[in-house]
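One chain, subunit A, appears in both complexes that follow, with subunit B as partner in the first and subunit C in the second.
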Partner chain A sequence: MELENSNPNIYNKVSERNITADEEDDSVVDEIDSREIFDLIRGINDPEHPLTLEELHVVEDSLIFVDNRNNIVKVLFTPTIPHCSMATLIGLSIRVKLLRSLPPRFKVSVEINPGTHVSENSVNKQLADKERVAAALENTHLIKVINQCITPLTMNRKRA
Partner chain B sequence: MEKMEVDNYNSVLDELLQSNKDDKNLNNSCIKVSKDICSSKLTVVDLVEQLRVLLIDTSSEKRDYGLLILTKVLNNLPTNFLNSDQIKFISSFYADRLKDHHQVVPTALQGILVLFKFDNIVEGCITQILQSLFQNISCQQQQLHDRYSIYQIFEKSLQIRTTEVLAMSFDFVYGVITAIDGERDPRNLLYLFSWLPKFIKLVNLGHLTEEMFEVVACYFPVDFKAPGDNINGISRDTLAQALCPCLCCIESFAQFCLPLAIEKLSSSLKTAQLDSLDLLIESCRMFSSDSFAQHSVEIWSLLEKEVLNGTDAQIVNKCLETLTHVVNKLSQSATTTDCFVQTVEDITDTVKGNLRPDTRLFQPSVKILLYLAKASEKSVDYVIKNVLPQLVNTYNITSTPLHQSFLLESMVDFTKVYVEVTGNIDIKGTKELSFIPNLCLKASIHEDPNIRKVGLDSIGEIAESIPKYLRENVYTNLKIHLTVNQHEKTRESAIKCFKNYCKLFPLEVEQEILDKISTSDNTSLDLFLDALCEVGSNAKLTEKILKIFINSCTNCNDLIRFSVVLKNLKKFLLLSGGNESIYAFLLSDGGLINFIIDLLCRKFDETSVQKFETLLKNVIDVLENIVAAQDTEVQRAILEKYLNPAIVTFRDTKNSVYVILFHGLLCRLKKDLAGDYGLIGDLCEATLQTDNDFVFEFGARLIANLINKLDDEKAVKYNLKVIESCIEVEKIFHKRNVILFSWVIKALIMRGHEYGSLYTNKLINMLESCKDAPLGFELIMSDSYNCLSSESNCNRRLLYRQKFFTDVIKQLCKEEKQQYLLAVGYLLKESPKQVVLMHFKKLLKSIVLCLEKIDDSEILCSILGILFSFLESKETIFEDYIDELVPRFLSLSRFQKSMKVRIKALQCLQAYAIGFTLHKLLHQKQPVVHELEQCLDDPKRMVRKEAVLARNCWFLLDTPT
Partner chain C sequence: MGKLEHIQTLSKHIGRVWSVAWHPKGDALATCGEDKTIRIWAKEGKEWVNKVILTDGHKRTIRDISWSPCGNYLASASFDATVAIWDKKSGEFECSATLEGHENEVKSVAWSKSGHLLATCSRDKSVWIWEVAEDDEYECAAVLNAHTQDVKKITWHPHVDLLASASYDNTVKIFKEDPSDNDWICIATLSSHESTVWSLSFDKTGNRLATCSDDQTVKIWKQYLPNNSEGVPTTDGEASWKCICTLSGYHTRTVYDISWCHLTDSIATACGDDIIRIFKEDEGSDPNAPTFSLINSAERSHTQDVNSVKWNPKVPGLLASCSDDGDIKLWNFIE
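Then we have the complex of A and B:
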């Protein structure tokens, strides 16, 4: 299969989040913040390259919004090229990963960063449609690909 | 007389003739017959005559048996026994037997192999045998062992009568091809693969070349899965390695071999790709450059694709290696010069466009160019001329530190390849490279730590190519780098670089760095000495470095500085590894040991101990190190000089600091010097009465050490009484009394003393009355204490911990009281993993109770830690206890009091989800996934992180990936 974008720019990975004294203190409550959400999804693998979404700047810390009090999480992602056909798949992967990793009190929305994809609206609509997401997850082939994307590479190796 | 003997033979032979193949004595009887043929009591002709009955029998079984006897008898004859006529006769007989019933054939084949042992094989025999073999036997219809015999016959005949066999020409080649075609057994294949290259090189294949190649090529790439038990130890890789030389052993195979390798290289199977690459590399060794010239474009385009898109590091590396070999091959011959130049230009032009450090293809492209450069002197010249200027330019206009470091690294790599290929360390002459040292130097003082690191690494790596006038700058830089606190990785690189220069230019380093450096404050001294430790083993610098150590502490009164020096001296002794001259230097009158002891006795009392615990720990370590490295005589002298006066003062002043000194001097003594030195009573008193935990700890350790090493049984018992009376003086067990008591138990158990179990029972009885008693079990079980190690020359019974564990666990597991559970917990903390695993079934109840009832988070953590390590190593026994353990982990994942327990519990759950039998886990999936939902909202972030991992692992349990 020919790659759509064979030589994408790669960016630095941020270093692991430093553990603060507060985080080690049992009596302090750590709120869920955008960096934590970012840490959840930055390790997702790109469907095309052996790179993570973080390295390709598909997801960025600054494009994640968390409102703890009203239980809202909003994630914007940027496809590497405007006509990327993988955009829906990437969006779905992010959704599934967050679905499994965030407390159920949050309402999660995953959308394309405005102006970065040609068929932005239709992708957003698909990703927001609960029924369609659920239906997609019933599709064995699709869930297989998604599972591959959201399984960290290190774990894959362990399984093999 | 003679008649009688023949009759006797008749009886042996008669017996043989009456018997059958399965007779146990068959071998012995045959040996007997052979011996008698040798001693001329019987002739071969007689034997054949006698066997006649069997050999012409109508039943094939009988004929087989007759042939077997003949073969076995022949096998036991000396190799020069038969003359050429006899051989000729026997060989034509055997050749004839190949036409016989299929049951007779295996023995006939064996017989032929036996015949090949004899010296007098004449012209014609082998041709006759081989022809009969080709005509009558269809090799692949024989059994495994017989096929093996046939292959051996081929090999042997070619070996013993080469010219005769070669004269058979295509008949022989065709016969062999037909025989081996379709062989499937790995053992036979391995045998064939090792012989075939010899065969192929020797015979003229002529029009059969392609057939021959095809017969072997059908196994490529090897597809073989070793059976579970794999008795013969043949793996896929062994077969693949053996096959490879068969495919490229002669030039005329090139026209078939290269297309095959190229075809399989584009396969989707990893093993196929790797095998093709191996084949290509091997081919470079055998085929001519011209053969490669035809395929160079194809090979390059495939390699390019693999390297640039490559996901698998192994394949990528092998591709790069292949590239070097192929290009090198092209460079070897004058006829392929054009093609070589063309290829190098092609590759460079294609890849050059990718050299922007911010893109994904940067690293793979650089790799391609590096491996291309490695191929030959011409290619390295070309690549460096065409690529380096571009890299230097990009470096100059790049502003991102990370990208700059990528560029610098690759430029240095090119330099290294240049030096490696041309063998010329002087790079000044090459215009493109002459900038590199300067760039590296600049980088090493760059403000960004990443670039500094790369700069330092580079300066170290190309040290020999850096000219003298630049080296002076390097030393100036190093002086700063070694004494300034900086990022760990940068420091590591600086030290590595320093080491390299010490090795290459010790004299310059001594003059430029060691003599000139000055360290004003203790931090920079610490850093400098730490760096010196790393080069201590460099013989040319050792003495100089030791002097620096001593000078930096003896002429000042600063205790912190002293502590710094001792800390590093400890490291120095450890790294330089017991050099005699070093110790002689330290023990001499002007040396360090005088100074240390003097200082310890003058400056310290009970109150100052607390402030300088690290210093004292270092004192102990250095003293121990020095004492340990000496032989008995020197140790005795040290004791006389320092210990005896110290004991006197200790008794006078009761200054507990002396305990530290005693520990340092006594712990590492050789066994011949073991004794109590009349100290144990005083030590007990001092340790139990001191206010200082540090002194107590080391006092207790010293007591344990002395008791353990004490040889005289009477003295042991006497001292134990003394200790007991000290400990039990108030009849109430304070923490210290219990700990000291545990140390004594440990010392006794280690040497296997009879009082060991007695005292252990006492400790178990204390459990209910004394809340600190469980701690004792951890202490006894632990093996991490230096004072009782074999380096301290202590008595250590084999497996003493295992014995203690089994003894104690019986009693502890009976009770369910909190204190007992705690004791189990502490015991487990230090137990050897194997023992715990062995007794796991017995322990399970206590462990589960511990997980439920104990709320001491430290113990819970350690138990969970142990379980986690078992789960990580996928101990199968844990599959049986899923229903016992998983629910406890789940409830501990919400353990209120400590996040550490929650984290450990979640890690255990993660470990359970990977690597165990799926169907045994599956029924727990729903509950786990459901209950972990709560943990996703844990107040602590670190717990949430583990919860996410655990929940995702369990989600993926049975889903397709």
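Then we have the complex of A and C:
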């Protein structure tokens, strides 16, 4: 398969989370915050490159919004190029990862960072339609591809 | 101010429950969902209990179900691209026919008031009309390709063979059979919603239609016949449908379903913010520009998105709802 974006910009990873004494104290309620969401999705692989969404700046900590009290998580992602045909698949991978990781009370929305994709409205509408997402996730081929994206490369490398 | 009183929670389905449908006699409720089963519930003493489980009819999610007006048949629409017809002729519910033809997921199924017609709609953008012949034979009478996107829901007029469909293309369309050549045609396109129209429900007269959408609004549409006294223009001798009221600012997320009670005229909505809301038309409101008030909003009706709401056709105020949280709930609405 020919790569759509053969030479993407690669960025440095952010540093690992500093674990504070409070966070190790089980008696302290540790609310889900944007950094925690970021840690869940930063390791998702790009469908084309052996790089993570973090390394391609597709996801960034500053584009994640959490309203813990109202159960809302919103993730904006930036496709590497404005006509990226993988945008829906990337968004779907982020949705599935969060669906599996977060408590079901959360309403997760995954949208394209405004102005970074030529068909952002249609991709956003599709990603927000839970019926179409549910149907897509019953597609065995698609779920296999998504699972490959979600399984961290670093984990594979370590295993290897 | 009314009160929505919780009667009972029915928890048997595994995973998301997509749809609920009352038997026309009002004494049984069918439910379906992600677990590929249909469950039929009926009252035993004071409690509603699960009487029947229908399995193996579908290979994927069952999205919608509909009872025939006579109450002897149940139709189910599935993501597996088929529609199954169930009946109890042998004494037990059995699948007596499978309707194939849609290219992908079937999203909704509905029987006409006469029971002679069945409509289905799909992600393949089409609406199909099936004629019910004798001996459990179903013949495709029309394939309607008027929508440009995924068709989410269909519903028949309460008295005549008029079909309404709601779509991802943001519109609602009205279909009827052209008596001159028996071809089904689209006679009206209702445009006003700004995103996916998820569901729709006629009032008891069939002259008004309520629709709900991903744009977080509910709209009320009225039918104006040719030569109407209000002077609303019509074309080709067909009625035109005009949006006469928009309820905005009430719902905070997608509105997935709407049910207009034919006994009490109350409108119930199922919303992605977990809340069931009840609206009623204000007394003395202008028929051409009506006003509706929110008379109940049950916080945390469910713990996740509410997918479907249906008023019981015989017991005034009895409402069934279902949710992504896997539960079905029964409510009594007291005005």
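Heads up, the rule we're going with is that the second predicted complex is superposed on the first by the 153 of 160 C-alpha atoms of A that agree within 3 Å, B and C clash if a C-alpha of one lies under 4 Å from a C-alpha of the other, contacts with A are read in each partner's own complex, and residues count from 1 in each chain.
One rule holds for everything that comes next: a residue touches a chain if its C-beta (ideal position, glycine included) is under 8 Å from a C-beta of that chain, and two chains touch if they have at least 3 such contacts.
All of these numbers come straight from a predicted model, not from anything done at the bench.
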Requested in this report: Answer with first, second, both or neither: which of subunit B and subunit C does A:Asp39 touch in the superposed model?
Outcome: first
Report task. Check the residue A:Gly115 against both partner chains and state whether it touches subunit B (first), subunit C (second), both, or neither. Result -> neither
Requested in this report: Using the superposition on chain A described above, determine whether A:Arg105 touches subunit B (first), subunit C (second), both, or neither.
Outcome: both
Requested in this report: In the overlay, work out which of subunit B or subunit C sits against more residues of subunit A.
Outcome: B
**Report entry** First, second, both or neither for A:Leu51, with subunit B first and subunit C second
**Finding:** first
Requested in this report: Classify the contacts of A:Asn9 with the two partner chains as first (subunit B alone), second (subunit C alone), both, or neither.
Outcome: first
Query raised in the report: If you stack the two complexes on chain A, which partner ends up touching A:Ala128: first (subunit B), second (subunit C), both, or neither?
Result: second
Query raised in the report: Do subunit B and subunit C touch any of the same residues on subunit A, and if so, which?
Result: 104-105
Report summary line: subunit C residues touching subunit A in their complex are 16, 34, 60-61, 63, 79, 104-105, 107, 123, 150, 152, 168, 195-196, 214, 253-254, 272, 303-305, 324-325
Report summary line: Per the touch rule above, subunit A residues touching subunit C in the complex are 104-105, 107, 125, 128-132, 134-135, 138
Query - subunit B residues touching subunit A - in the complex, by the definition given at the top - result: 308-309, 311, 354, 358-361, 402, 897-899, 914-915, 933, 936-937, 939-942, 944-945, 948, 951-953, 955-956, 959-961
Report task. Flag every residue of subunit A that touches subunit B in the complex, lowest number first. Result -> 3, 6-12, 19, 23-24, 26, 28-30, 32, 36, 39-40, 49-51, 97, 100-105, 140, 143-144, 147-148, 150-151, 155-156, 158-159
